[in-house]
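Below: a set of structures, written as structure tokens.
In the two complexes that follow, chain A is the common piece, with chain B as its partner first and chain C second.
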Partner chain A sequence: MSDIGRPAPGGLDTLQFDTFATGVPSRAPRWRAIARSPVALVGLALIFSWVIVAACAPLLAPYSPTAQHVTAIDMMPSMHHWLGADSLKRDLLSRIIWGARPVLTLAPLALIAAYLVGISLGLTAGYYGGWIDDVISRTGDVLLSFPKIVMYVVLISTVGPSQANIVAAVVLVAAPGIARLTRGLTLDLKTNDYIAAAQTRGESAIFIMAAEILPNARGMLIVDACMRMGYTIIAIGVLGFLGLGLPPPDPDWGGMVREGTPMLIVFPHMALLPCLAIVTLVLGFNLLADGLQDLQSRA
Partner chain B sequence: MIAPVLNIADLDVRYTVDGPDVVAVAGLSLTLQRGETYGLVGESGSGKSSVAMAIMRHLGRHGRIAAGSLHFNGIDLAAISQRDLRGLRGSRIAMIYQDPATALNPTKRIGVQLIEVLTHHDGASPGAARRRVLDSLRDVRLADPETILRRYPYQLSGGQQQRVVISMAFLARPELLLLDEPTSALDVTVEREIVDLLVEMQRAHGTTALFISHNLALVRRVCGRVGVMYGGQIVEEAPAQTLFSDPRHPYTRGLLACLPRLNGNKHVQRLHAIGGQVARLSATPCACTFLPRCERARTGLCDTANPDLGPVASGSAHLVRCVRPDDSPTVDTDPLAPALAPPPPHGAVNQPVLRVDSLTKRFDLPDGRKIVANHNLSCALLAGETLAVVGESGSGKSTLGRILIGLEVATAGKVMLGDMDVGRLETRHRSGDQIRAVQMIFQNPDSTLNPAWTVGAMLKRALARLGDFGSRNQCALEMRKLLALVRLPAEVANMLPSQLSGGQKQRVAIARAFAGRPSIVIADEPISALDTSVKTAIIELLLAMQEAYHTALLFISHDLGIVRYIADRVIVMHAGEIVEIGSADAVFAPPYHPYTETLLAAMPVTDPTIVQRRIELRGEAPSLLLQSSGCGFASRCPRKLAGDVCDDVAPPLRPAATGHAIRCHIPLADLRTVPPVFMPAAGASGAPTEGRQPAAP
Partner chain C sequence: MLRFVVRRLGQTIVTLLAASFLVFVLVESSPGTVARKMLGPFASTEQVQMLYESLHLDDPLMLRYVRWLGVLTGVVADPLGDPALKLGFRDQRGERYFGNFGFSTQMKQPVSDVLWERLGNSLLLAALAVAVIIPLALAMGMVAAINEGSVVDRAVTVLGTVLASVPEFASGVILVSILVVTLGWLPGTSPLLPSGRWPVYIQFILPVAVLALFVTAYVARFVRTAFVEVLATPYIRTAILKGLPPRSVIFGHAFRNAMIAPFTVILLQVNWLLSGVVVTEVVFAYPGIGRLLLEAALFGDIAVIEAATLVAVFLATLTQFIGDIGYMLLNPRIRL
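Let's look at the complex of A and B:
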């Protein structure tokens, strides 16, 4: 018999490192981890389908979205026009395919802008506290107390519908909510000892906010962004429906619903099919948000 | 033979989340006779709490009883319906958890909650229930029970809450009491009282109790029989006295050797850490569970099968799970790690690196009230020494540390770092050299490291900020050196904190603090969240780092055992004031400040060769909101002088010897006549030398 597995009897030299817990997921879900959530996968599939449709619109659309077809006599779906045509006898399928483009460029663009503003304000308010927090939070409260749709309508009808104005309106409507969420996360995260450790290294406030706090808020913010994508797509649709969307004749899902509504009884497909497009895209983002949230609470 | 109250046979508890089952308890058998107190000790992950949860059938969605039987007074706990189980819980089986706040409903008054227990379980009338509740609150020695009844839980202190929980548990007169770390969230003085109270209540009611704890000393005080758990199994079981005087399993011996002895310190003998980490089981072991950490393991013997739990001698009540339990003498100390050089004669060489002068910190609350967390503190930190700051929570010891490093600023007084006063400077307003000079190690290993950063990245950042390393390559090189210095393998650099154990995280935190070779490191309870065997390794690492860099260590702790071991000098704080300051030898021996004396008397002790004097301490630490003009300790002091002098006049800080001072009205001559708290037990060999040497004048 001989001695085995014998750690040296020194107080410090006896440490072995054979028992690391490996494969423990960190709190922010890795993209690969999405495979473990069927809900998130379905959401992602819906979103990706629309992204591909938007990207390949010239290849996929059978006709120009603005061309009028006298052949579409009864405007109902047919061999030539699979989804039928609208009241101006334009091919509905082509218009829905081309209509994915403005919504899938405008919504992310507007949200990125809103997040830049909201995260900066929220981090600042949460980290510094005091009067800075009061000013930012109270201003946000005022903006949040307006009904969102009223805000959109008032803003766009004042400055006129254009891509830039829609982005600006989304920032103004969404940023206070994002700032409030970020502020709450910051208040929580800044009590961690690693923030105190950074302070005792003499790190700047900007470094602590951007490098120590923000990465740990990332998971929650990504989930929130997915939810907000849904809201924003709906808002853009509503603006189109109210005639405050992108100017015609370019296809816009909200605008298509508006044009189809007067003939809803006779030709229901004209309004319902663009609605379905909005629903599937929004559903995709909501499912993705649900799945990501679920993954985070599991981790 | 009377039927046992609780009989557990071959219990297996498993958890299934993702992937293979996690075995928490493997083949555990346990019998509790009526009126017995059984202690289950082990480190985190040993499965001790899972045993209690299995008895209560509270294993949750992922856990299950995979095998074995649990019988409570003949009732099969594993088989009975949820409805019958509800009838048992709270009435015949009661449980007291670590955090009293979770056991009480925060939205209901204490009285309503307690009376409900009786009206629900016993069908008592509200009037009769109320009378019994008042009696039971008196039993747990809560002053003014009528007022307590009208309070909400948040209006009570942690100690008061735990007393209410205990009275609640005993109200229904349970036959079995499960105690899961019932005092771990409390201060040491409160812990002592609560534990004594529990023992008294349990004797009075003849209740059988299962006491689960990581604290060996506490178990020794409370329990008749003790089982030591490791890796989901009991590795040793014996009557408490036998276990502590004659431990046989290498793990039990290791745990006891990890604890500092009262008659030694780092200059006398080094502590002996158990190597490796607590085992995690995932399958039936085919070798001894403790094998990877065992220093006495033999091939062909220990690696072939997991040994059975068997008696040390035939018919003995002392059971051990080891194939060679008695073939080597008790390992107490580490023969290879030499004791540190004796301390230099006082004040001979070491210059102060930091001087605190009349420091006061006041927090102004929004409602106009004021909290005085530090009141007129003066002390110095000498180069390379370890200065311990001890006191209960709320004594202001952490605030002192936070002011020194610049996380808080002083209201009045000076903190001299070199020849500059930094007391009013937040860290970011300090110069690079001043920031580099003072670094800090925090308490909670789970919050000390940023979960989004890899270990390597955070150490490189600390080196870049605090060290003099020009290039990235140099930083990376230095980072690897630093990891080696704190005994972590190089691959840790690419890991995230979530992949490390508590002890490993604290090692990284130590590496980060020492990155810029600071002259002062403030350690705020650096080991209180760690397991016993890990604590020792971290303490030894701190000592090694301190020696290597000749760093002064301000060691903030409530653990007097560790303080005795590590500290050169000790500051005792109470209610924001320094009540005693002196060398460790002087503070741990008479003359004591009465508060120091009560702290020492409440200190949990495992050493069977020592007898500890018991002191009654009434009340809890006073609120820092109320600053009396007299002594802050007067309301609780067991040696309070007759007359009003203690209440009305601030006591003077009197020098008792060179470098030793006591803030008390009691004349020093009287304090010197106080007998030591620790005395050698009658007939014990190797009488302790500690505790009887007054500081050399």
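Let's look at the complex of A and C:
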């Protein structure tokens, strides 16, 4: 979805007015400006709450996420287990708290890797054009022709579910889209006078790409990254739900939904609560993306 | 126009070939495990070795890919169906036919026996979802655009963001807990069998709702943006000033021009929808191609993984192709 969730690269000039006028890389989006967007603030608040929960998991979680409590007889929420217990009588609150860790480390790590690959390829394709562009773009088209979940399922089931493989899969699935976006932005930006000036000065291609083009494409890329973050969290959740996530017994939100689903008729909380955790985290990133996009088009 | 169509068709075929090669490399790159996966965990080492040799699995990858393409296009027979192997694989369609994906080792039957039926079910589900999504999204987007800046407009935008944050398995779980567990209005699974008290058509409601929830509000936002842009153009102002009734301004003048951007978005959503279909089918035990793929992937049923993936990629590229052509028909300015 993040591939279509952005404004068309053609409409870029309406978004980044002053950077084009002055040719000086601006700090887009300005972080202080976020205070002007309530939507972005709500998003940030949601994200930060989960980051704090993940960081302070040992302090916040009342029990170990893998300990089984024979005393939790009916598994429903109680004084001892605020959110109840799962089908193996493990404290649900502790599992949700600890479950924030794998998502919040895997998703950013994988996306940073995907952006490194995607941005380099996109800049190269857009800046040089010609056959280099053809090779990169056509390869990307082939990868983009796979429905994302299909790609994830085939990849992970072949190489096996592990943290490293999930990161690699995210790179392979996300990088082509990032490259396509960066290429479009580069094509647009390289027609500016300051690029010609840099070329006349005799700057190297790498310098022009990294210091002249990339900073000006940053605003769009940050919005895209927020949306992609939301989608990557969903994808990791889906993998867990499909039984291709991180191996048990360590808590993983998607996996918890999977374990809770057969019990839905009797104990809906087991599947509903981890769902809620995923939804709030994803919503945080989507709201932040919305807010940032709005700020850019408003400024 | 014709030259463009032919060129795009060529590109589509190249993409499909490249994608099929990629899938082939992924699932068949280690030849030792290929024979093992085909025979299952209880076969002896000798049996695996025998199959390994008779299938020529030590040939270079490229050669094996070409052979696989040969089987698929009906040029050569699938070596797995050779009676000398005594695996008991027989295809009633004959040894060579176009669209032969080989044999499923999990289900012990030709892939074609299950693939097309499952694909039909998935397409039905996707078509029903699209039939719900398009009118809803158009209505929501148009109402929001006409009342730009109003409460309705804001509501559509916020709803889009919120619903796009709920993955299909989560909305599935939430809808099932409310409509099935608490209220008991609908069945929680959709095996498409006339079992118990739920007729088959009722079983479609929840899967379609889950698919539509994720996408509708999202498409509506694009419809809204496109409509707002078109409504601000001079020819719309002229139409209004000339005294045309609002209905004919919106449907006669604005509609077709405003449809160009959302049209592409809707067709791109088909690729997205296919992803959603996999998850939705698993949630509701719906007998479609997505669940077929997942089961094959978990089991290691190579032929089925290849077939299901390729069909999914084919559908995705086909919609892209249709999208490009439709885009031209909607927008005469870029007709080549």
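Following the convention adopted for this analysis, the second predicted complex is superposed on the first by the 272 of 299 C-alpha atoms of A that agree within 3 Å, B and C clash if a C-alpha of one lies under 4 Å from a C-alpha of the other, contacts with A are read in each partner's own complex, and residues count from 1 in each chain.
One rule holds in what follows: contacts are C-beta pairs under 8 Å (C-beta built on N, C-alpha and C of every residue); 3 or more make two chains touch, one makes a residue touch a chain.
Bear in mind the structure is a predicted one, so any value in this text is a computation, not a measurement.
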| item | value |
| --- | --- |
| Touching partner for A:Val282 - first (chain B), second (chain C), both, neither | second |
| Which superposed partner A:Ser145 touches (first chain B, second chain C, both, neither) | second |
| Partner chain in contact with A:Ser297 - chain B first, chain C second, else both or neither | neither |
| Chain B versus chain C as contact partner of A:Tyr194, first or second or both or neither | first |
| Which superposed partner A:Glu203 touches (first chain B, second chain C, both, neither) | first |
| Intersection of the chain A residues that touch chain B with those that touch chain C | 1, 3-5, 8 |
| Touching residues (chain side chain A, partner chain C) in the complex | 1, 3-5, 8, 138, 141-143, 145-150, 153-155, 157-158, 230, 234, 237-238, 241-244, 254, 257, 260-261, 264-265, 268, 271-272, 275-276, 278-279, 282-283, 286-287, 290 |
| Partner chain A, residues of chain C touching it in the complex | 14-16, 18-19, 22-23, 26-27, 157, 161-162, 164-170, 173-174, 176-177, 180-181, 188, 218, 222, 261, 265, 268-269, 271-272, 274-276, 278-279, 282-283, 290, 293-294, 297-298, 300, 305, 308-309, 312-313, 316-317, 320 |
| Sites on chain B touched by chain A in the complex | 270-277, 279-280, 291-303, 334-337, 405-407, 426-428, 430, 432, 435, 438-440, 442-444, 447-453, 461-462, 465-466, 487-489, 492, 495-496, 498-501, 509, 512, 536-537, 540-541, 544 |
| Contact set on chain A toward chain B in their complex | 1-22, 24-28, 192-194, 196-205, 212, 215-216, 218 |
